[in-house]
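Dropping the structure in here first, questions after.
Chain naming follows the written order as A, B, C, D and E, and within any one chain the residues start at number 1.
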Amino acid sequence: MRLTPKVQDILSWYDSDNPGTKGNIARILMTGKLAGTGRMVILPVDQGFEHGPARSFAANPAAYDPRYHFDLAIEAGLNAYAAPLGPMEAAAGTYAGCIPTILKLNSSNSLSTTKDQAVTATVSDALRLGCSAIGFTLYPGSEYQFEMMEELRELSAEAKSVGLAVVTWSYPRGPMLDKVGETALDIAAYAAHIAALTGAHIIKVKPPTEAIFLDAAKKTYQSNPVDVTDAAARIAHIVQACFAGRRLVVFSGGESRSAESLLDDVRAIHAGGGNGSIVGRNAFQRPRAEALKLLADIIEVYKTPV
Amino acid sequence: MRLTPKVQDILSWYDSDNPGTKGNIARILMTGKLAGTGRMVILPVDQGFEHGPARSFAANPAAYDPRYHFDLAIEAGLNAYAAPLGPMEAAAGTYAGCIPTILKLNSSNSLSTTKDQAVTATVSDALRLGCSAIGFTLYPGSEYQFEMMEELRELSAEAKSVGLAVVTWSYPRGPMLDKVGETALDIAAYAAHIAALTGAHIIKVKPPTEAIFLDAAKKTYQSNPVDVTDAAARIAHIVQACFAGRRLVVFSGGESRSAESLLDDVRAIHAGGGNGSIVGRNAFQRPRAEALKLLADIIEVYKTPV
Amino acid sequence: MRLTPKVQDILSWYDSDNPGTKGNIARILMTGKLAGTGRMVILPVDQGFEHGPARSFAANPAAYDPRYHFDLAIEAGLNAYAAPLGPMEAAAGTYAGCIPTILKLNSSNSLSTTKDQAVTATVSDALRLGCSAIGFTLYPGSEYQFEMMEELRELSAEAKSVGLAVVTWSYPRGPMLDKVGETALDIAAYAAHIAALTGAHIIKVKPPTEAIFLDAAKKTYQSNPVDVTDAAARIAHIVQACFAGRRLVVFSGGESRSAESLLDDVRAIHAGGGNGSIVGRNAFQRPRAEALKLLADIIEVYKTPV
Amino acid sequence: MRLTPKVQDILSWYDSDNPGTKGNIARILMTGKLAGTGRMVILPVDQGFEHGPARSFAANPAAYDPRYHFDLAIEAGLNAYAAPLGPMEAAAGTYAGCIPTILKLNSSNSLSTTKDQAVTATVSDALRLGCSAIGFTLYPGSEYQFEMMEELRELSAEAKSVGLAVVTWSYPRGPMLDKVGETALDIAAYAAHIAALTGAHIIKVKPPTEAIFLDAAKKTYQSNPVDVTDAAARIAHIVQACFAGRRLVVFSGGESRSAESLLDDVRAIHAGGGNGSIVGRNAFQRPRAEALKLLADIIEVYKTPV
Amino acid sequence: MRLTPKVQDILSWYDSDNPGTKGNIARILMTGKLAGTGRMVILPVDQGFEHGPARSFAANPAAYDPRYHFDLAIEAGLNAYAAPLGPMEAAAGTYAGCIPTILKLNSSNSLSTTKDQAVTATVSDALRLGCSAIGFTLYPGSEYQFEMMEELRELSAEAKSVGLAVVTWSYPRGPMLDKVGETALDIAAYAAHIAALTGAHIIKVKPPTEAIFLDAAKKTYQSNPVDVTDAAARIAHIVQACFAGRRLVVFSGGESRSAESLLDDVRAIHAGGGNGSIVGRNAFQRPRAEALKLLADIIEVYKTPV
């Protein structure tokens, strides 16, 4: 297999990394229907932790079985599948070698009263389970953000030393932020930038809204305006915050909703230069055929030349 | 990517191994023109250690450059490329993600007067260089065989714990063996079996000759005859020694020689149920076009349904 | 390269340090247009953490790319470049060997409600990235100051043992201090002194104002007056607090402002015997040509014999 | 400082290495009168170990003082200075930051009856002494060669992980080799290749003679002739054995002899594409002025465009 | 040098300690003008941490330079010099071997709002800087006293294992204590006893006042009266609390004041059987000649036979 020029260019962004890590980034980028395009669609299934089993899987009971997700991701031609330790252990042997995997190392749950997460798996787990990357969630702004960053530092350093890639979910929350703030454009850009600063290879954020939240930032956005009414322009601003587009950035799909609404987001991500989507609930909460159709439609958007 | 039933069956032989190791075996088996067939052609380039640079590369000077071999293996559609630390470091970054690699951890050289090897790389090197497997040479019969086995034990255990596969070169030599003995059928079967016994995932031996060498074994082979005049039958006997065909076994190509002679060997390996060839000098000492032709011919043999 | 007598004298201040650390201090002092003068101009780019990407880079979008800063620092003939892990990884390979670097090991951000920082990189990172020094921010006066000092102790001890230098940003804040207090002369001197006491090789503080803040200190300053209306005298007092000028001390440039205002500060630092400036926003938020002009003007001041 | 295109190209050969190691290779290549040319002259002073103090230094008693060698290397504008632990400790503080240094980690002596060396310093020593590289001597062919390779493996892995470069002296000796064999062309090429295979960044060998020593190799050299009577052609063959010229290779000056004889070697190294000379006894056993003249003449040769 | 019978007797108190620790206690007791008497005068300079640089050194600006204190202590013939990491590093090389040193491992500062200290140096630092002892401040009664004791436990155990002595500053403060309580006789005795209980070799407390502070203790002091109006009797009570005089105890000089007042304290310490004085501000805040005169007078008192 030869890398496409696009993927070779992306690997050149990571020239402090060893060939093992570069190889795993390449593996993710050269897998599935988007192989070689520099775009990705990833299936993440950590909602069982976040929202509990019924809220996650009752809509499509086949999805209670961890094999379902591996199979869906492979069938749909996705780039990678991300999950916590348990579901990864429950199916990684069966699907060994079939699709790059991302072991989600920390998770929170709906029973928690703190804006923190538990580290529930290790880099050694990622190696024994054949994963290409570790995944980690940061909550920039949380009272626990510094401890989370320090956990990430340890896990990243170890992952990079053994040739794994680091995927960072960067989800702002905490005492200074309300619901509007958590997805405001300035905050989303800040969150993406913090993930890049802490050394992520692939950054995952939510698509930003039109809001500018921090008073201290408003003047900057007035002097250097982003067309906040244009979703693609908002995405482009996030891409810029990821080292001028020299770190891969993907956007989450969020709660289950209409295919058309999700595809609107995808078109904006595509037009704004984002590297793809990480679609969980919108994929596995739909019946399988419908999910495959939606994922195929998303992939089709990303395959369109810009 | 879905595994073929053939590869799924092969992975079932390794059910004590973790998903990481299974994934790396799958990766080797699902790469290149033989992907999914259960057959493999591997390019090994450690002859610089064994015979020195001129004897290895003067016939085709382009091969002095470590990038040449990566490129040849990829272009030919091989399953994997094996090399020692230096050449792997010299090109693994450039070819990250392009082909599964096997880091050869020990090597001897022609200036040595002992039948031993130096361990010149580590499992950590294999991880940081993105390799799928470690490679190790055993000399069953050598005065150093037990030390070598113990080195292999340490390296294998570490490799398996981090999801790598173990490829063992098993080359009999030592005080009890002369040139005839080193490739005799009983000895080759013994060497393959020792590799299997020490936990190899993939075993590499030389194609066996008609000789039965050990007096102690002759009676057995009289009672339970193998048709030693039939090269395919000899291969089948080696396959049998590899846990009744439940460990992958590949055969070396040996010194540079005519394409037809090599293809004869390949046809026997194919007919006898061997899993493939590991062809070094016969590949890289030929001009590139000629090497690609020969490798394509070998692959063609292995693609033929039995 | 021979050290100038000035730099040899400075190295004599650090005679408890090993040759590795001395060599890295020398490397910083012998690089760029101020090489050999004992003065330094350093480019620090950690404002992305502190203020977010847009507030940091929107004014000059080229600066979103981490390569921009390496290039600017080299082109301007500065002594060193300081950054957190992510941007250092994103460009250290490309600019290996071109300019001494300082890996900023901890960082805060505008979403935090505590006066603390996260440790986001390690001494091992500094070594693998080829850095000459680690950077660490202390908040003397913060509720977290003791924990921060203890983090610094661990990181400093490790850095010194492997031949790296330690650069300490000392920024007072906390329950006993208001905005006036944070930059008051007595507090700035105290902060610089605390950095020296904890073993910093290079100390970074903000230029002090005329205020004397702590009641307990007022009597002392009355008996032993400093001409607080003279900026150079204030700088000289800070220099004195750095072991009578036997620890290198540099002053930050602060928020973006007019070149003339910044150059006034620089003239005072120069006249007061400070060792130089660490200029971030005032450099990278200007268009490149303008930034190069300003940095050249700053360097010109420091080159003037006293 | 910006790297020359020549040095940038050389760094691209080492793309499995981290920025720290690349930076130290760059530092060596960007220092002294040959800075930026891709050529090097290095001063090694480990002859006190090898031959004892009087044989090493009595001809020029100033050279008993370890400071003499640092000073000579700096004054002559060399790229680096190499020495064992003791002399490095005796002067590294005084000359911190003045010239890249190589800590020679192992050494033998004339009182030994085995072809082995003692490891007398560590990678930690190299860091605390501010060295850019470790140096290690291999004896390919010795009864101890495998143990030496295993020591080198451990030290190299550690050095690379902390951003140091690895310089390997590869000197064939052992039961299969006589005096002719030790410097024969085929053996010298083999020794250089073994250093490359074990992961050296910079390889040091002796200039080869016209002899072809190993019977097994003679046929190869007959089919693929090297013009052994042409010293430059012999050098070019060694360069070829160093991964087709993609590993830096320097040649030792050997015993003290006439300047003209040494310069003849240098002209051949230059013409054959070698990366430079490592000149010990021919430098420090001459009176200082004469040594500086000779080193200047050597540098002049390497500066001549090919 | 032979130990005096007095010092031999003192060492006999520490017979659980290893010869390394005993040797360091002996070194302190056998240095300076009081060598061999069992009495000590120590110069501590950690006031820069506690009160800031100007309050500490503005009265005698020469004292901003860490070399000043080493020089003063040596010139005055003191037994030891104590300081935090930074000033110790800044002069320990210059004064290596000149006077026993005590590395102060923790410190607080005037900007803190908690009665705690930061541990800013390690036992490893004490070894590499050639110190004879570590110094540690306990705040018996503070909300943090147990954490501080546990830090002391770790540091003491490590110090003792490597042959260093432990000097404990025991300064009562906390919610149960007011200004009177902090220096009351019962509390001072309690604090000294806690230091002894936690394993100090040398205890430092403030000279006690006449007050008896704890209600619970008053009855005891009524039944077993101490003549609180006699300063020597108060000292004798503290000595008694230090294992019946079998732990060395020294008394601080407190704030700058008249020589006569300080000498009164010294006479009481001498008469009461205390082991000496630890005099900081009263030494280094005076002009050098005056300080030397005062220290000579103090030493004269301690030399007088009891």
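Rule of thumb we're sticking to: contacts are C-beta pairs under 8 Å (C-beta built on N, C-alpha and C of every residue); 3 or more make two chains touch, one makes a residue touch a chain.
Keep in mind it's a predicted model, so treat the numbers as computed, not measured.
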item: Neighbouring chains shared between subunit C and subunit D, ordered by label; value: A
Apart from subunit C, which chains still form joined groups through touching: A, B, D | E
item: Each chain counted as touching subunit C and subunit E at once; value: none
item: Between subunit B and its twin subunit D, rotation from the CA superposition, multiple of 5 degrees; value: 70
item: Furthest chain, CA centroid comparison against subunit E; value: B
item: Separation of mean Cα positions, subunit E and subunit A [Å, integer]; value: 58
item: Between subunit B and subunit C, centroid-to-centroid distance (C-alpha), Å; value: 57
item: Centre-to-centre distance between subunit D and subunit A (centres being mean Cα positions), rounded to whole Å; value: 49
item: Two or more partner chains touched - positions in subunit C; value: 92-93, 124, 128-129
item: Chain-level touch network, classified as line, ring, star, complete or other; value: other
item: Which pairs of chains touch, using the document's own definition; value: A-B, A-C, A-D, B-D, C-D, C-E
item: Subunit A contact footprint on subunit B (complex, rising order); value: 1-3, 7, 11, 18-27, 29-31, 74, 92-93, 96-99, 124, 127-131, 161-163
item: Interface residues, subunit A side, partner subunit D - complex; value: 15-16, 18-19, 161
item: Subunit B contact footprint on subunit D (complex, rising order); value: 13-17, 140-141, 143, 145-147, 149-150, 152-153, 157, 172, 174-177, 186-187, 189-190, 192-194, 196-200, 214, 216-217, 220-221, 223-224, 237, 240-241, 243-244, 246-247
item: Subunit C contact footprint on subunit E (complex, rising order); value: 48-49, 51-55, 58-59, 61-62, 64-66, 84-90, 92-94, 107, 109-114, 116-122, 124-125, 128-129
